[in-house]
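In what follows, chain A forms one complex with chain B and a second complex with chain C.
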Partner chain A sequence: MLRIDKLNFSYGAIKALTDVSLMAATGSVTCILGPNGAGKTTLLQTVAGLLKPSAGSIQFDGENIISLSPSALVKKGIALVPENRLIFPEMTVRENLIVGAYLRLNKMQKSDFKFEIDKIYARFPILDKRSDQLGGTLSGGEQQMLAIGRALMSGPQFLLMDEPSLGLAPKIIDEIFEIIKELKQDGLSVLLVEQNAVKSLKIADYFFLLDQGQVSYQGGADDLENDAHIRKAYLGEKS
Partner chain B sequence: MEYYFGILQTLGFHVLLGYSAYILLLTGQLSLAQVGFFAIGAYASGILTVLFEWHIFPALFIGAIAAGCMAFMVGFPALRIKGLMLVIATIAFSEIVRLIFFNLRWRFEINGLEVGPDGAQGFREIRYFAANGWEIYEIVWLIWTMVAVATILLWWLDQIKAGAILRAIGSDELAAESSGINVTSVKIVAMACGGVIAGLSGGLYAHSTTYVDHNTFTVLLATFAVSYPLVGGLKSVFGTLAAVIFIQGILIEGLRFLGDYRTILFGALIILVMNFKPKGIVDENFVKGISEYLRLNKKLIK
Partner chain C sequence: MVITSVDVIQSIIDGILYGSIYALIGVGFTLIFGAMQKLNMAYAASSIAGAYCGLGISAVLSLNLLVTFFLGPLVGGLIGILVYLVCFRFIPSREHLGSLMASIGALFLIDEIIVHETDGSPLNFPELGIFSEAYFLVGEFGFRGDLIFVLIVSLLAMTSIILMLYRTKYGLAARAVSQQMNAAILCGINPHKVNASTFFLAGVLGGLAGCLAAAAVGVISPLLILPLTIKGLIATVIGGLGSIKGAIIAGLLLGGFESLFLLVRGVNERDIYVFLLLFLFLVFKPNGMFGSIIDRD
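Right, the complex of A and B next:
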C-alpha cells in the first residue's frame, strides 16, 4: 500500500502541492484526475523520487520512502511510466527494454533475461515485431507500450503511470486502458494519473480529484458517477 | 618507412584520445578536459621513467591511473552541470593543468645528466625507448596493441548491455533515472574511464616523441578529441576509429602540401558533418548498410 500524507511541494514561490494526502491500495488501480496544472505530474514525480517535497511523508508498505533515490525506489518495486513516454528514441526497442531491467541485469542469467523480455513481447506482440527498430520510429501507441514494457522490465509491484492516454487516438487509448486492466489482473498495483475521466471510470477502483494542488474529492467509481458536480465538471454532461 | 611508422604512432594517440571523449559522449557529456588528462598521463609517466627510472609498463599504468583518479575527482563537481557550462568548466580544467605543467620545474641529476620537466622549456629527454633499444616498429606495435585492447573493451560494452545504459543517460536523463539508473555515479565512472584512456594515450605520446611541453595540451587538441566521435558517430566505437584515420591520416597527413589550409578543411568537415550527417558518418543507416552488404555477400558465396 502506498500512503501519501500531507505532501507539499513548491517550484520556487509557486506552490504546486498543498497538503496532499491519498492512499493507493495494493492490487487495485487508483486514479488521480485533474485538469492541466493541477499538480498531477508533480505528485507522481515526487512519489518516484525525482522531486523532493518540502514537507509530508510517503509510505510504501509502512516504510517511509521519502528520502530514497529514484533508483532505490525502483529496487523497492516502484516504477514510473513517465509523461510523454520518454522512451529512448535513438535506441532499439530491445535496448530500451534492456535499460528497464538495469537493476536486475547483474543478477539475471541470460535465460532469465530472455524469459523476461519474452514476457513483455507476449503482452505486446507489436514490440516483438519492432524489436530491432529504433524507439523514435514507433507510433505514439507503440511508444506508450514500450514505455510500459520498459517499466515492467524492472519487475515492479507498483506502477506509477503518468497520462498514458496523452496524444493517442481513441482506439489506441482503449487498448492502453485494456492493458492497465490486465496488469491489475496480474496482481500489479497501479497509481494512474489521467485527464480522461470517462475512460478511467471503467478501470479504476478509487479516485482522487486534484485541483490546484489540493485533493478536492475522493471516492469509488460509483460515487463519482453519481455525483452531480463531477458529472458536470469531468464527464462533460450538460445540466 | 620511418615516416609511416610516425603516422601510425600519431594515429594511435589520437584514436585513444577520441575513445576517451567517445565514452563520455555516450552519456551525453561534451568534455574538453580530455586533453588535461592526456597531459597528466604524459607528465606522470614521463617523470616516472626519467626521474625514477621505472620500467615503461608500470609507468604507463600509473600515469593512466593518475589521470583516471583526477577525472574521478573532477567528475563530482563537473558533472553536476550540463551543456555549455560543462564545456567551459572542462576548458578551464585543461587550462589549469596546462599552466601547472608550464610552471612545473622538477629536475635533478641522473647519471651525470640533469633531467626532468623544465617549466616553459618543456620536458625533454624522455628517452626510455631509445635508451632501452626499442625499435620504432616495436613502439608502434605497443601503441596499437593498446588501441586494440581499448577498441575491444569499448566494443564489448555494447555486447554486455552496458552500452545501452550509457546511451540511455545520453538520450534522456529523467527516463534513465526513473528506470533505476543512478545517473550521477554512471557518469562519474564514465568520466574516470575516459581519464584512464586519455592518460594512457598521454603516456605513450610522451615516450614516443621523447619531448612534451605545454603547447601540445591546448584547447585545439581537446577539440580534436571530441570531434572524432562526433564526426564518426556514436553508434559504434569503430566510427571514432574511422574518423581518426580519416581526419588525421588523410586530412592532416595526406594533404600536407596544403599547409595551414588543412585547418580550414577540418572546420569545413565539421560543418558538413553537422549539416548532412548530424549523427556522424557511421550512423544507423551506415551500420545497417554494412550488415546487409555482408549478408548479401554470404548468400553469394553460398
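Right, the complex of A and C next:
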C-alpha cells in the first residue's frame, strides 16, 4: 500500500502541491484526475524520487520512502511510466527493454532474461515485431507500450503511470486501458494519473481529484458517477 | 621547390597517420558531449597533463616507455574525473555557460601548472624504439614506423571504446543517459556515476593521445595543448557533434588536410586553411558529416 501524507512541493515560489494526502491500495487501480497544471505529474515524480518534497511523508508498505533515490525505489518495486513516454530514441526496442531491467542485469541468468522479454512480447505482440527497430521510429501508441514494457522489466509491484493516453488515437487508448486492467488482474497495483475521466471510470477502483495542488474530492467509481458536480466538471456533461 | 603529385600524396599519408591523434581527441570530446551535451574545454589540457605525469612518474622510478603509455592514460582518466567533479557535477545542467566557463578555467589552470612545474621548457619524450627506426616503402610512398604505431594504437583504443559502448552494461547505461536522462534515472541508473565513468574513459583516450602526440613529435610541451584543443574540437564539429564515427573520420581527414596545406602553403598559413575548412562546414553543413538530426527532448 502506498500512503501519501500532507505532501508539499514548490517550484521556487510557485506552490505545486499543498498538503496532498492520498492512499493507493495494493492490488487496485487508483486514479488521480485533474486539469492541466493541477500538480499530477509533480505528485508522481515526487513518489518516484525524481523530486524531493519540502514536507510530508510517503510510505510504501509501512516504510517511509521519501528520502530514497530513484534507483532504490525501483529496487523496492516502484516503477514510473513517465509522461510523454521518454523512450530511448536511438536504441532498439529490445535494448529499451534491457535498460528497463538494468538493476536486475547482474542477477539474471540469460534464460530468465529471455523469459522476461518474451513475457513483455506476449503482452505486446507489436513490440516483438518491432524488436530490432529504433525506439524513435515507433508510433505514439507503440512507444507507450514500450514505455510500459520497459517499466515492467524492472519487476515492479507498484506501477505509477503518468497520462498513458496522452496524444493517442481513441482505439489505441482503449488498448492501453485494457492493458492496465490486465496488469491489475495479474496482481499489480497501479497509481494512474489521467485527464481522460470517462475511460478511467471504467477501470479504476478509487479516485482522487487534484485541483491547483490540492485534493478536492475523493471517492469510488460509483460515488464519482453519481456526483452531479463532478459529472459536470469532469465528464463533460451538460446540466 | 616543385611539388610533385608524389609529394602531395606522401604528405596526405603522413597527415592522416598523425590525424589519428586528432581522431582520439575528437572521440573524447564526443563522448563527453554525448553524455552531457556540453563541451569540456579542459580536455586536451588534461590529456597532455596525463602524458606529462606518465612521463614524469616513469622517469622518477626509471621505468620503461611501455609503463609511460600505461600511466599517461591512467592519470589522464583520473584528471578527467577531477575535471568532471569541479566543472560539471555540481553546476546545474541548465546553466549551459557555467560548465563551459569552468572548463576553460581548468584549461588555463592545468596549462599554468605544467608551465610552472617545467619552467616552460619542453621535455624530451622517448622515441618509440624500433618503431621510430622503421620506415616502410610502398612503391614511391613511405610510411613512418612511429606514425603507423600511432595509427594502430589509436584505432585499437577507439575500437575498444565503441565495443564498450555497445557491448557492456556501462555502455548501455551511458547511451541511456545520453539519449534520455530522466528515463535512465527511472530505470535505476545513477547518471552521476555513469558520467564520471565517461569522463574517466575519455580521459584515458586523451592521456593516450597525449603520449602518442609527444612520441610522434619527440618532445612534450604545453604548446601542444592549444593545437590539440582546437583540432580536436574541429574534428568533433566536422564529424558531426555527438557522432563517434564522425569524429574518427574527421580527425583522420583533418590530419591529411592540414599536412597537405603545410606542404603547399607552409607552416605559417597552414592553420588558416584548417579554419577555413571549419568555416565552410559551419556555413554549408552545420550538422557535420554524420551529425544526428534526431531531436532530443
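Note that in this section the second predicted complex is superposed on the first by the 239 of 239 C-alpha atoms of A that agree within 3 Å, B and C clash if a C-alpha of one lies under 4 Å from a C-alpha of the other, contacts with A are read in each partner's own complex, and residues count from 1 in each chain.
Here, contacts are C-beta pairs under 8 Å (C-beta built on N, C-alpha and C of every residue); 3 or more make two chains touch, one makes a residue touch a chain.
All values reported here derive from a predicted model rather than from experimental measurement.
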item	value
Superposed partners chain B and chain C on chain A - clash or fit	clash
Chain B versus chain C as contact partner of A:Gly167, first or second or both or neither	neither
Touched partner set for A:Phe88, first chain B, second chain C, both or neither	both
Partner chain(s) touched by A:Leu103 [first = chain B, second = chain C, both, neither]	both
First, second, both or neither for A:Gly220, with chain B first and chain C second	neither
Which superposed partner A:Pro125 touches (first chain B, second chain C, both, neither)	neither
First (chain B), second (chain C), both or neither touched by A:Gly37	neither
Shared chain A contacts, counted only where both chain B and chain C touch the same residue	48, 50, 69-71, 74-75, 79-80, 82, 86-91, 95, 98-100, 102-103, 105, 150-151, 154
Chain C residues within the chain A interface of the complex	169, 172-173, 175-176, 179-180, 182-190, 292, 294, 296-297
In the complex with chain B, residue positions of chain A that touch it	48, 50, 69-71, 74-75, 79-80, 82, 86-91, 95, 98-100, 102-103, 105, 134, 150-151, 154
Interfacial residue positions of chain B with respect to chain A in the complex	161, 164-165, 167-168, 171-172, 174-182, 279, 284
Residues on chain A engaged by chain C in the complex (per definition of touch)	48, 50, 69-71, 74-75, 79-80, 82, 84, 86-91, 95, 98-100, 102-103, 105-106, 136, 150-151, 154
